Amino acid sequence: MRLSHLASTVNPFADVDTVHAHCDLMCGTYDPELARIEAESCYNAIKKYHDSDDELFRQRAILIKEERADLAKEQLWVLWTDYFKPKHLDDHPNLHDLFWRATKQAGDVKKSLDIADAEKLLDLIDEIDEVFKATGGWEGARLRKPTGA
Amino acid sequence: MRLSHLASTVNPFADVDTVHAHCDLMCGTYDPELARIEAESCYNAIKKYHDSDDELFRQRAILIKEERADLAKEQLWVLWTDYFKPKHLDDHPNLHDLFWRATKQAGDVKKSLDIADAEKLLDLIDEIDEVFKATGGWEGARLRKPTGA
Amino acid sequence: MRLSHLASTVNPFADVDTVHAHCDLMCGTYDPELARIEAESCYNAIKKYHDSDDELFRQRAILIKEERADLAKEQLWVLWTDYFKPKHLDDHPNLHDLFWRATKQAGDVKKSLDIADAEKLLDLIDEIDEVFKATGGWEGARLRKPTGA
Amino acid sequence: MRLSHLASTVNPFADVDTVHAHCDLMCGTYDPELARIEAESCYNAIKKYHDSDDELFRQRAILIKEERADLAKEQLWVLWTDYFKPKHLDDHPNLHDLFWRATKQAGDVKKSLDIADAEKLLDLIDEIDEVFKATGGWEGARLRKPTGA
Amino acid sequence: MRLSHLASTVNPFADVDTVHAHCDLMCGTYDPELARIEAESCYNAIKKYHDSDDELFRQRAILIKEERADLAKEQLWVLWTDYFKPKHLDDHPNLHDLFWRATKQAGDVKKSLDIADAEKLLDLIDEIDEVFKATGGWEGARLRKPTGA
Amino acid sequence: MRLSHLASTVNPFADVDTVHAHCDLMCGTYDPELARIEAESCYNAIKKYHDSDDELFRQRAILIKEERADLAKEQLWVLWTDYFKPKHLDDHPNLHDLFWRATKQAGDVKKSLDIADAEKLLDLIDEIDEVFKATGGWEGARLRKPTGA
């Protein structure tokens, strides 16, 4: 198994020896967008909750928020453990703390109906997205940028 | 419950009366990127399968491809049923056929180790992405475009 | 791999060259009953919701309806993509539209407590069941009819 | 089937006397068909495994058999715990043992490529189906018989 | 495949010829603690429900209780079918009935907000734990006792 | 909602004002045993893989190891984000790094058939267990110690 070679098949321009040196996963498709999309659902669920006075609608908003916040958390955990490598910590020493605060914030979104909590989660995901891009991001972990990007 | 009003809270510039007129779901966060990310994983799994001669690695590649192709299928189904509205069929009369071929192609990716099958799935998702954008796409179904877009 | 041969092992009397010509899945066990059973759960959940004035009971009814409507949707999607073949469209040109309306109706059942919505979903599944039977149905996709049939 | 009767078992003002006297679940849609359909998938997976000499196909057959046998087990457990009531044990004293053997057989199907193991699982499910029907079965736990029945 | 040998690799002191004679599963890690932990979550959810008058908090308590009671049920089913062997029935003839009552009690916990229902579930799991230990328990099904034990 | 009060209902002897001060979750049942049980399954799967020369058995060992390593990872993530509080970092400044290494090790167990990898995962979970106990552990997050402890 030639893993350093494998990594380079995904993107011939990636700095295989460094970023992917410790690559130990198979499919390497990571993107903070996955967490962001779930967090946007939480944001929408809270907004719509407050705009409605229908009880069924409101109960479903809470139910869906619970589920979506869980998925956001899950996507963040995967990114933290599977995408980021020890080398990234040198330039981003707050990486662990950032992910801890973001996943805890996803937990806060579950117990809250305050739109500010969803906004804070979105901000933390954007902060993670900055680090993702600074460490190679789309170039290394996606086949190509989103078509609109 | 004022759903047309709710829709507009997500994006004040969306053409609420048309695109969202029949909006019947709560959280409205849709994006073909979700299907594309899973399809890229399938693509990588096939590529890496052929670059490896390690048996464990190859078995895991098949296992993960199976799982990821299922997720791509699921994301496409959700988009088809939940995002698109009867009105969209007027301008895109091949919508149903396009989604049928794309989800069947995700099935083909499961039973194939031919990289061309994964590429064909990616192409079909891109074709769906075009329709998604032509019908409002990110403006209507996301809080905002990806930060890099 | 001799897939047309495989298909015939399930039922030696099936018209393998036609119906199963494009068969690309492994296990070929399909039945609209799967969707119907979940839709019946939705029907019961709504009925029982209205017969109760217990708050816990009512919340659970909504929660279970949400989950079961999702499963009904999922079963319909699988049937659409995996069981039906291009050939079937000739005799059933409304196939795509039928499945689109049925899966959208499953979405409507989620946001409704009107028993008529569950009934409409059951009717659409019965309509699909007619097409399923007309295209070979139990003979091709099951080992045998239900014992009571 | 008397749905209004069923509904009323939840509500203390109803005619609760017979099969549903201890009914403590909400939606009461049970049917051994659910387990049988999964068991048929296992049967097909084993058959097709032996008819193929394609390695990818064979690995997928094992993977899908594993998953489907799990679902058969799950459906049997639900039936045992949720549908059957203490009263049913009087006429069917072997009920527990029957379900134990059937769920263990589903476990055997996972570790076997012998078609006889899948057949034995199907037989045990049919045996359970007999008890299901003898205890009210479709009349009590479904809205109506399958349309072909 | 030498299964009796495999079993002994887990614990060289286990009575392989008897307890594990029919061992048909791969990984053999069983422990009633798994069910107990979920049942404790149900207990906590009910306790906290009554201590709160916040509507969101209460709805989430019900939602989480539903989910956790399901997991407790699932863990009990796995233990019943996969850990216990026919031989164990000789010394514990009430085994089936005990598991039936415990899984039904997990169902009762779903429809109840009475702390006594959660306590009864915990008691039944403890009763199962006694049988688990009497039949070899940790020695046979775990690599070692919990470090604090 | 009086969360500090709620926490104390679980264990009246817990130091509610400190450990639970930031408690933001509902049910608070945490235990590294959950991760350890899954890691033991991985250990067993690797052991049994090497003791067998049956191809089906070996494929299933890999499949189950993949699944169980994922569950171990998940349980570790939950513990990291939901059980531990900022205060715990003072006495255990390596907490984040410990969890990062443990979850990465769970990833390594997926791609390895070396028993040393499973042992290393078990060791890291034991290390986490020490921190768990030092921070209150069973007293704060369980209703009581395991009956055998």
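As written, the chain order gives the labels A, B, C, D, E and F, with residue 1 at the start of each chain.
Going forward, a residue touches a chain if its C-beta (ideal position, glycine included) is under 8 Å from a C-beta of that chain, and two chains touch if they have at least 3 such contacts.
Keep in mind that what you see is a predicted model, and the values were worked out from it rather than measured.
Counting hops only between chains that touch, chain B reaches chain E in a minimum of 2.
Here B-F and D-E were compared by C-beta pairs in contact; the pair with more is D-E.
We define each chain's centre as the mean of its Cα atoms; on that basis chain C and chain F are separated by 40 Å. Inter-chain spacing, taken between the CA centroids of chain D and chain F, is 34 Å. Of all residues in chain A, those touching 2 or more other chains are 26, 57, 59-60, 63, 111, listed in ascending order. Arrangement of the chains shown, judged by which pairs touch: an irregular graph that fits none of the line, ring, star or complete shapes. Interface of chain B with chain C (complex): residues 24-26, 73-74, 77, 80-82, 96-97, 100, 103-104, 107-108, 111. Residues of chain A that touch chain C in their complex: 56-57, 59-60, 63.
The touching residues of chain F, when paired with chain B in their complex, are 59, 62-63, 66, 110-113. Of all residues in chain B, only 1-2, 5-6, 9-10, 26-29, 31, 33-34, 36-38, 40-45, 47-48, 51-54, 57, 60-61, 64, 68, 122, 126, 129, 133, 138, 142-143, 145-149 touch chain A in the complex they form.
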